[in-house]
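Single-structure report; data block below.
A, B, C, D, E and F are the chain letters, set down in written order, and residue numbers restart from 1 in every chain.
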Amino acid sequence: MLGNLLTGFWSWLTKTAPEIRDIGAANGSVLIVPVGSVEQHGSHMPVGTDTILVSEVAALGAERVDDLPVLVAPPIWSGYSPHHLHFGGTLSLSFETALATLEDVVNTGLENGFDAVLLLNGHGGNTSLIGAAVSELGIDNTDVEVTGLTYFALAVSFVDEIRDSEPGGMAHGGEFETSLMLHLHEDLVGDDREAEPWNEPHEHGTNDLVDPGPLSVYRSFEEYSASGAIGEPDLASAEKGAEIFDRLGDELESVLRELSEQNRS
Amino acid sequence: MLGNLLTGFWSWLTKTAPEIRDIGAANGSVLIVPVGSVEQHGSHMPVGTDTILVSEVAALGAERVDDLPVLVAPPIWSGYSPHHLHFGGTLSLSFETALATLEDVVNTGLENGFDAVLLLNGHGGNTSLIGAAVSELGIDNTDVEVTGLTYFALAVSFVDEIRDSEPGGMAHGGEFETSLMLHLHEDLVGDDREAEPWNEPHEHGTNDLVDPGPLSVYRSFEEYSASGAIGEPDLASAEKGAEIFDRLGDELESVLRELSEQNRS
Amino acid sequence: MLGNLLTGFWSWLTKTAPEIRDIGAANGSVLIVPVGSVEQHGSHMPVGTDTILVSEVAALGAERVDDLPVLVAPPIWSGYSPHHLHFGGTLSLSFETALATLEDVVNTGLENGFDAVLLLNGHGGNTSLIGAAVSELGIDNTDVEVTGLTYFALAVSFVDEIRDSEPGGMAHGGEFETSLMLHLHEDLVGDDREAEPWNEPHEHGTNDLVDPGPLSVYRSFEEYSASGAIGEPDLASAEKGAEIFDRLGDELESVLRELSEQNRS
Amino acid sequence: MLGNLLTGFWSWLTKTAPEIRDIGAANGSVLIVPVGSVEQHGSHMPVGTDTILVSEVAALGAERVDDLPVLVAPPIWSGYSPHHLHFGGTLSLSFETALATLEDVVNTGLENGFDAVLLLNGHGGNTSLIGAAVSELGIDNTDVEVTGLTYFALAVSFVDEIRDSEPGGMAHGGEFETSLMLHLHEDLVGDDREAEPWNEPHEHGTNDLVDPGPLSVYRSFEEYSASGAIGEPDLASAEKGAEIFDRLGDELESVLRELSEQNRS
Amino acid sequence: MLGNLLTGFWSWLTKTAPEIRDIGAANGSVLIVPVGSVEQHGSHMPVGTDTILVSEVAALGAERVDDLPVLVAPPIWSGYSPHHLHFGGTLSLSFETALATLEDVVNTGLENGFDAVLLLNGHGGNTSLIGAAVSELGIDNTDVEVTGLTYFALAVSFVDEIRDSEPGGMAHGGEFETSLMLHLHEDLVGDDREAEPWNEPHEHGTNDLVDPGPLSVYRSFEEYSASGAIGEPDLASAEKGAEIFDRLGDELESVLRELSEQNRS
Amino acid sequence: MLGNLLTGFWSWLTKTAPEIRDIGAANGSVLIVPVGSVEQHGSHMPVGTDTILVSEVAALGAERVDDLPVLVAPPIWSGYSPHHLHFGGTLSLSFETALATLEDVVNTGLENGFDAVLLLNGHGGNTSLIGAAVSELGIDNTDVEVTGLTYFALAVSFVDEIRDSEPGGMAHGGEFETSLMLHLHEDLVGDDREAEPWNEPHEHGTNDLVDPGPLSVYRSFEEYSASGAIGEPDLASAEKGAEIFDRLGDELESVLRELSEQNRS
């Protein structure tokens, strides 16, 4: 059932050390490090949603540029999700430990000689973590291009062509994530798609995954939602998921080609 | 020469403990914590630019809502600026220490009973720091609304009406910051406004302060700019600064009124 | 190609939060946390060997006790392997970060109500890490039985009936691990099975995975082996692997049944 | 109202990076880092007392040696004041964070080439912090003279000529600090000068700011004082403040001249 | 009463710096660092038991190889004993601090030029600590042979010839430790030797000091024993202690000779 | 040769847990924690000087108040001596680890019910460490009187009656320490008493152990002294040592009686 996913997920784990060293040593080599989370996604989506989706996106990106020396690390599934603990199913690191994990994994991975690294994030709660890691890693690796990206930010430029929901509908377990999962692993999506509408009290606050406002507000997730999901999963479809996925692939391919080309010696 | 600034800067320091306790205990009280940096801003702007501007914006916000129990903490001038050390004049904390500082200052400040706190940031390099602090503080202070905001993100909605520069012109020491400083402290702006054009090699990367892209990239600042400034400071004017400042005041006032109103008991 | 593995690997990730909470709440529930590593295993074995094998053993254990409320967490593939960095392919955390990771993952996992936890380790270099985590977690979770186990230590009682090698032959990438991998994922085992003989200079030092001596000695792995593997992989066979795997299943089943039974309320 | 203070306070913030680099590069250059606190000082003195006074003393010192390349960093107002939290108005770092802050600020400041650094402290509770920072910074900066000083210790040699109070009268918010503040910022001193007498139960304990005994004792401040102040503020006068300030200037000038002269190359 | 012990305990403390430097500089020099604990040992044994015994064993080892440049550091009596705090008399560090202590002491000791170091442990609860320290120190000291050893593991090979108890009888304050103490410091052994039988509920768990099983289990000690001791102290005798001590000396001598010989240049 | 010392040194280690609990539970109980160092003391004094002397002073204090429930912990010999590493023989912790050690030892010791604790320090380099520990421990133990004392500060009030040296003569390994050691352990004092004169370049700097100035300056010890000792050891005598020791006993007795009396319930 998890066929495609394996390409990305197991690509590093199933190689030998000499094979990995060879990719890292190639000119313009890029290391992709997917970073997900394990956290509740309501009653219709699995707790591994963020890890599964970001792993799929990473594998897709690598596949699109299979003419380049690009390698995907095993996904870091242990993210920063303290605000989801209430619902169960969540495995979360402290911010400090999550940051140290990213730094250690990337620093040891870079010993193989990669010219650039992309921290590819799949969880909104990891955004500051990724930002911090890019800075800390950049300081310590002056010869490597260090970059970070939350994959659904790539959808900002095109998602309005696809979505049916109003702002707020593409939130946690909503139209966006549910569509992607229906496309990729339909059997992991439950039929009972309970979700609350987005209800941000602040005008300048966040609307949904692809419409963040300038004001960041901390809330434990149970203050937002009784079910653990927010948005409009009922508007989700495998077709929308397929289109989103394909367009994400276009964007990510462009990022990866730039990273490789601009870091050739 | 620093007249207006003092209102905001010294408001906490010059009060007695009982006076502060009284504000914190009031219904709907809001603590504003300005967070700046001390880092080089080219040869025409002082190293305290981010601290001075964010202090001014905080003081302006407090003045606009002087009917509400709002208090401004002394500005945290020690931010996260490792990428600016090359040019001199920069005083920077490590990410870990900067985060711990925000947490300690806010946690002890909240002991006075404030109902909400706004971390008001004035430095792009602090963005992930502020995001991390909002999460960490939110977890530990379940009865307080914890929020964060980078003040120039408030300008995204209106700045196109004012700017003359293309994207890239409102970067580090460019049209935006120089205009604000000309309006507020003209004597702190030098005549020789050397600056490089913005030259981000990645299509998905950041353009300027008010036009960030999805891809975050670490670069030590000397890779971007020989002078330490980027953008178009020559397009700056005190008039633009006055208008930007006034519009920022409108936006911040609306944020503060919401914070106070929604956290009354 | 990785069929069986998926059962164990994806069991937590593909469940919803309510499903996980239900297992944790059951009487005598046990959480298994597989802990592996990503480190070079010579030129004939993949860098994910320890993670793959411990995931398989964990899945086997869970399958053997499918009448009990036992759940396998996603494998922690980021272990402690500083002594393998020289060869490439290795992704390693610092000891401190690895320990914090174990603590955070287990502590948040236990919020689902498990009565016991077993840290199931697959990497010799993690042994002290597991010991430390068991203590630290035990102190903080007085109502939970906290235990740890390195899976190949379960083989000490029976492996002499199976092995053909002398002591030293079942070391890093040797007869033991290669046999298990041939049984489980033959396609991941290369034909060129270069390996050095074990050559511990100290009489009281370690012999191999299942014959550790009292003296622990630090050596960077390249001091032991030019290929990165040690022992006698040429003596490995899928048949031996099948027998070892089955006997490990017997032992682990007995551990899990005891853990569940003795922690029923 | 805060005129003089600005010289010292804003001297670093309002300079450009090249200006600061020039001072640091001069022969015999000295960096002064004022370290204060934000903590309750009874009902007649502002919570910024320690920060304000140490900033004034630093500015005075710099003014006295304006023939030398001496620069004052922005004051670190975030000190170590856990024992004052009870009364409100206090903003305090943990010891660990306060120490890291001093180290980071000084280490980045020293990158401008200063030959010596003086941590100038204005808060009794920071004494061990300053001592620790001097050691830690000294170890890491072998080419720089690293020193620390609590400014009121400079008064030990002359204060008996000025004081009217018995030992114990020059404690927290007492004759010494109140006199200085009356001289420098009379409008910040309230009329109702409530304070308890000093009441140290241990013969070998501390008497007051300028008469510490060998035994250090931890007490939360509310055990000493209902008002938050201790000593005899009623004996304070602007005249005494002027004389103390002037004599402190003499002492500090001598320290700074020595530091500059002995560290010329 | 503590005669013999002094040799080992005070050997480093009573030497001058030049004397220590000379030993460290000799070819094949070995530094022994005894690591004990201060924790309750029932009502018949002192809380310093582990520190006293490991110091005696270290002194014995040094005496046996007095023809070699071997020096014993002062014993680190501050170990990791959180599970014994309930009974009183225990002084314990956190794991993190205990590990940092071992690293700092060894790293500064090695500055004298030693060719090898042996962390000689006397407390079961320190086992993972020693393992972690060996790895961390080994990484940082590539020119030094870094090793660790829990002294009673040396007895596994011979103790069955001496013991009268069944497995479980040589546990905390049991036949083994009590015999050694009777031999070395009879006056420190009380007459009332209360102790519980070993009662490990897990088949794969630990039996006693010299018979550990593969499963490690955390238990606070009061769950095992009302008296704080476990095993059969009534079977202890000074004669057995003398024989154990002598045989430990043989084993340790062999370890030390190997360490010295194999690390000569 | 170390007779007297044993009383203090071994008093905690040789007691059983119930005996220690009984002392801690008594009314007005005081825990003394001696804190020394292991650092070079020139060519005529052993590296354990600070640990030996503070242990003797602690034992003397306990003996003087043997009518009170006072117990001496084993000396913490691992202090903070980074500035002495150059000469060899030094074992030093980092500041952070040394502070954590003091906190952990005292916090676990206090679990026995002591009403007060005295950190008794014997090393100048530990002064800030002790100050920091007193604050941190005081915050966490509100029901215990937490105090700290460097023993030679007790001599300030009387030492001028005894000394023959000028200020500077009672420095590291000088007249003061050498006299004490001649009195207590004459056999540990070498005949060749090389030492440099004190040569502090700063007027406000430290003169000697009992004459510290307000300015603290970091210097690595080899900048002061070629031999590693400073002061006038040739003026030392066992007679002076006996008188100093006796007078220290008087002062310490008074401190301990106060601590016990004022903390009875």
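The rule is simple: contacts are C-beta pairs under 8 Å (C-beta built on N, C-alpha and C of every residue); 3 or more make two chains touch, one makes a residue touch a chain.
What you are looking at is a predicted structure, and each value in this text was computed from that prediction instead of being measured.
Fewest steps needed to get from chain B to chain F, stepping only to touching chains, is 2.
A turn of 120° superposes the CA atoms of chain B on those of chain C, with the angle given to the nearest 5.
If you average the CA atoms of chain A and of chain B, the two centres end up 29 Å from each other. Inter-chain centre distance (chain A to chain F, centres taken as mean C-alpha positions): 57 Å.
Taking the mean of the C-alpha atoms as each chain's centre, chain C and chain F sit 49 Å apart.
Under the contact definition stated at the top, the residues of chain C that touch 2 or more other chains are 96. Remark: ring traversal beginning at chain E, heading first to chain F, gives the chain order E, F, D, B, A, C. By the touch criterion stated above, chain F contacts chain E in their complex at residues 1-2, 6, 10, 12-21, 24, 38, 40-48, 51-52, 73-74, 76-78, 85, 87-94, 96-97, 100-101, 104-105, 108-109, 111-112, 188, 190, 228.
Interface residues of chain A facing chain B in the complex, by the touch rule stated above, are 80, 82-83, 95-96, 99, 125, 127-132, 134-139, 142, 145-150, 153-154, 156, 201-204, 214-220, 251, 254-255, 258-259, 262.
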